[in-house]
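My questions will all concern the structure given below.
For reference, chains read A, B, C, D, E and F in written order, and residue numbers begin at 1 within each chain.
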């Protein structure tokens, strides 16, 4: 739907396309002439924009976080590209494809959420089952759970990314409990489903991904602790020690103090869950780095989350045919 | 009241005195003969004890955490001192001075708690005032607050130590807010009064100081977060953002991730409170190290909390008279 | 077969039992009288022993690493227990159960090795298949692989522990490749089977577990790199880049420089394998700590490998019945 | 007085205003034509400048660190703004307001210095009193003390900043000694007044703030150690041990090795002074970050000294009226 | 030979000179018009280039890593300089001076290699002598040894730099063995000559210095370990323990885990060699930083390898004549 | 001269030999009987001693730091050996060999000091020459320089050890300056001779090696800074910048903040000197560890200074004859 993305604009280019209004204000030149200053964005970046004439109506109608249709021309100012706006109006909802403004999972979110509910339904311990059901059935939580990214930049940084990550973890948890009989599957599934619930409100992802003020001051561990604790308190007969165990699973899941866990895992399920969560996240970060063309045929883009580049194995081993039949 | 402390016992010494029962079990020798094995303790340490004859009545009456009167003889076994018990009976409450088993503050706890209530009463913000009052007026909390130590070994590690530490911090907070006008005193006092409330249940200090299981799995930051959050939720009209600020003060007060704070201080009052708390604790640790005779006249005992010894300034400067009249 | 273990000896006890000779020398007293000094061991520890009379024959027959039958008496010398030897003779092989001297896996080693060969046979890539087969079919390697522990103290520190660890990892690798379709199972299996091959010679575990000199100077990563590189060089047509990939899997498997990996994982299979190896090892360490009676009913022994104790979940949650039917 | 600041210049803008000469040289173009190259600065930044014609007189008169009046035009060269100079002359002293070139405290420096002298006068120990007085009464030191910043970028990075910091610390020291009776106020005041004296010469702050070569090679701790040691040696009867104590206060005041203290605080006053100094500096850094408009209404600019942003508490809590009457 | 270097290009400049082709591709404009896109480089940097007309022949002839002669014009595009190519052709070998594209040592490489062979010949231990000779006499190795840099950026980062570094180390080793009689010179020389042999293939330095894929995945320690191990295995009667010692010297030479050594030096020669290697490298890095004009007369450029600038001692002490006669 | 060392005493042994009095006090038993308690020491350790009868005369004559002749019997008390004293008297000077109480260099101290003076005399820069001469010719300094150890435990921890270390460093400095022509030998020699001068008073080594109070509070870097600065100030015309350079050499010689250097080396001579000093110290620590019989034939004792054991190369390579003729 969008005809041009910000990262592709050239100087002296005339454009007519849609943007998100990131900032809006009326300013004055040194000479005292008023003008409208906007910061406009799409999923590829942001650009400064100025409207010099007949901007009064626009200034009244348009606000931060609105989508707008803009006609203008790209110019250089103080060595940075700037959009000189000729015309601007509010976009109609049907003109906007949110995917032009926020990246999103390619998976089917409805199907993923159904899978999540199935995993929840497989929990046999009645207390944990009630807890997980109560949270996933809360319509406000469910709505956010279907949209939330798992992070701003580190991994699964796109709409639906959190759900993808959690469903993957539930699957991995099941495999781990089957392999290591000493592990309780109910606790692993509970940890998987609840461990990032705080991210639903730590991040805001209406029209771009960023942190809420509450998210910055408290973090998702502290935030989900409150949500989950209240849910446990609301369940009659929830055993006190089991409550402590669930709280421990949440607060210890980052595995180390320096990653914001106030306690180290001291229960086997907590230890294992930390590894599984870390592995799933890091592998997703590697996957994301490999999805970007770095210009070097053998290497992925640099992954800031992992502090390294990854080898493109298929390219490096292209001379010989990999023969695992089920994989290639 | 106690006639002998464990750290002073000599081999082949006959004693009759009081101990705390730390462990109790019936065991069998290789030859199949049953005997009663006890671990006995007082504030100076613990000792293995065995009763070989006529222990059946004692074994029935006596349990872990009981105080007992013991007549016996100190012997060496596998190179460690061991008490051979002749007679043992439950101690009567009036025979026991808890101070022989747990160190305690020298300050007047009732007076300290009154001071704490005064500081609480000086909070002018109505929401914070209600919050702090609700917590301090809870009889269960108040009872514990008058007994709790501030730590197992690091600082203020004695009954009443937490209260001493908190009252000192309230005083310091008042001075800091007077000196730095940008700081809000109400927030500093709230932080001082609530920041270690989790220690009331993180530690157990009935007959010795140790960690509860819940304390080990969650830690006092997480524990007080739950208590204080519930108290805020119970206050009608408590502003949501103020709630976030109070929660941030609690979770950030250790100042660094590696000390168990899941978030760094991002509010000035939180930053300053962290410094004041750290300073008051470390100075108390230095004070404790200086109170122990290290055998070196110029130096305190080694402080594990600070990783160093402290100079005895009065001894080192004894040759010249310090003249600050109000100090010496 | 052994009637007494060193950790159970008491002063003044007379014993007749079997030991491993850890050290042997002839010494002289200050007065110039010669005697035989031995250090004797079993799986519970070691003890100093001295034979004062008629030791000449024994001194000739007996050497370090021999098993001996000893009759003697436990005494204290400079405050440490010492065995005064009356008689000593070489033990007959049939008198010795190695398990009294070295802990061993409870699993059936023959069956485990068969499982390992099955995993090896499932590798479909012909080069990797030849590589793994060549190594596992080497009789010298196979013999060691059935005995080697995975570590001296950290995890799986018993005979057969390495095999247990590797077979577990092969199983986990299969699950991981099924869950994450981007991963090549052949590479994961190759990594699992070869990643600790250097431990076969890094450790010596004839009669106790310790490091060889070569093991201390080079470490198992460097040692297996040589073995595996030679095996690859011996396979005609082994692709050069695949060789580099296999070498990278070996050298990066500790995941971080400070754990002795000269390179970080830069291939997805290397990253994932590092996590799986770490998880399997740490979980085994937790299992080992939980197998020891710490005296605290809720807690395991302290695990030096993990720097913490683990909660006994079954004890802590005993009040309510865990209901996952397949687990309890 | 200045009509334009460097950070505000636009391409193709004609300007006539004052600058500091940061660098000056005569260069030749590839074609061999000589021209005058200058780097010009003000408190907002620096800009390259070139004068192509009739620059000979200017080149003779003008030197590095001179203030000049320039008429010229802003152009782009290799994508960076450059000033093409038409005319340049030395500025007259009365045309220059140093504050346009160097930021300065808003406090009254004379009054601050008087306060400092008062604190010094309150020291009752005769030796310390003589020491502090000798240093503060040295006219060269006093002149610098009234101008020096406390740092180049970390905190109080403006003229008079050091004095502000030290006077604040004296006040805090007094409060601390009143609250903790075990502390000697004289030592705390001595530490406060002398602990950064080395900064008078570690930094140079004539026309911009930077480090002297000596400052980089030695640092202010080593530099003030020399100054203060000499002053103590010049006082008759200054006790040797007190000298050691004062030296220890200076060298330990950064509190940790990694911040350049060769010794950790081992005297209580040294420990406490380190905390107070750190707190006063960090709070000033937070204050500075909050003084900058970051564009985000809830957050300060990012503070490099603290590695974080700070919440604007007044904005975040604007919905409810803070009621501490003395603060708002 | 080159008339212009990339770092000196100005906008709107017409040039005719030689470049290395770093990248080549055919692209289409939005309007569908094809053009040739090149990335061109020389030792001063790289520049984007586009050829819009009659590029078909050039596109066929010219490939990545070719040297070309280009006639074109520098323009700005999206604020970055870009070369608009009029004509381009392959350069003739005699037109190219590799030194315009890769920095090189100023020393005489043939002479340096002869010195290296002399050091090798001085090894008296027959096994080590055979080992070192076998490697240095391999023509493929010798050819690379005369060209290889010692690093991409850290130290000796120019053609022949590795040889310079190794010959310097041989000299230092000889001095060290003379000074410390406990050190074996043969082992030190062996370590010096072989310790960076892996860099011959870890880096590629045909037309620029970068890492090979193998180099990134394995690193020079692992790579030279394979080369040297094979060479030892090929020498009849090479003692097994001496082989282990040589391997230890190689793997431990970075001295610490975090610098990629999987083992710490545990032999005195290994410890000393690590120090000598580190010293020679760091001093070279300081030398390189001092060779760059930083604009500050007293200071070198910032050395990223050392994390600091270095004082220009001669400038700082210029006021007094250094009198060591042999040095000045 | 001493007939028995503390580390060799056995229970129930009667001895008559010499000790150093480390502590002395009169104590009372519980029953109120007074006795004399001593702590006695020699170079092998310390032992508690008690004299029960007729100790009054001894208690008057004998003080801490006296050497005494003791007749007594070794007994066990609370499981630790204790000396029951029958007779004790002050030793006569001629009865005492200090070497029984403090380890000392095996080198000829007078010869070593002459070598040091020769190195000093070789400095050609007149200012540095005067500086070094002034310090070495100070009789108080010279006397200490001939006795001081280089450390309490880390390296050269014996009388004369500092001198050994410094003379070795002067030799190494000369070699380094010859090999690297960019280095100024005068500065390296000055650094070598003065860099540990603070240790003359940081340590006390009259009758045992320990730290002085001043040494603990300031450290040798700060202490020698004062001594050397005063010496430079006393030399007429000592250039200011050269003084800064010398001070920098001293304060930076530990090379890193965490080892107590308040500044990193920023002059090449400072960088190199740090490496040489570290190398000489660490090699001495390895030498010391190898001098101790660890019981393992291939390994040295564990070196706490280096955090590892060292291989006994001669033993490990014993099977083949090392042939460097000048070394073996």
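Here, a contact is a pair of C-beta atoms (placed from the backbone, for glycine too) under 8 Å apart; a residue touches a chain by one contact, two chains touch by 3 or more.
What you are looking at is a predicted structure, and each value in this text was computed from that prediction instead of being measured.
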For chain E and chain F, chains touching each: C, D
Path length in steps (a step moves to a chain that is touched) from chain C to chain F: 1
Repeat of the A-B interface, chosen from C-E, C-F or E-F (over half of contact pairs identical by residue number): C-E
Centroid comparison with chain A (C-alpha atoms), farthest chain: F
Distance from the mean Cα position of chain D to that of chain B, given in whole angstrom: 44
Two or more partner chains touched - positions in chain D: 79, 213, 217, 245, 266-267, 311, 316
Chain-to-chain touches, reported pairwise for every pair that qualifies: A-B, A-C, A-D, A-E, B-C, B-D, B-F, C-E, C-F, D-E, D-F, E-F
Chain B-facing residues of chain C, complex: 10-11, 76, 79-81, 295, 298, 311, 316
Residues of chain B that touch chain D when the two form their complex: 124-127, 168, 171-172, 175-182, 184-186, 239, 241-242, 245, 264, 266-269, 271-272, 275-276, 278-279, 282-283, 286-287, 290, 306-311, 313, 316-317, 319-320, 322-325, 327
For the chain B and chain C complex, residues of the former touching the latter: 23, 77-79, 213, 217
Complex contact set, residues of chain B against chain A: 213-214, 216-219, 221-222, 225-226, 229, 244-245, 247-248, 251, 257-263, 266-267
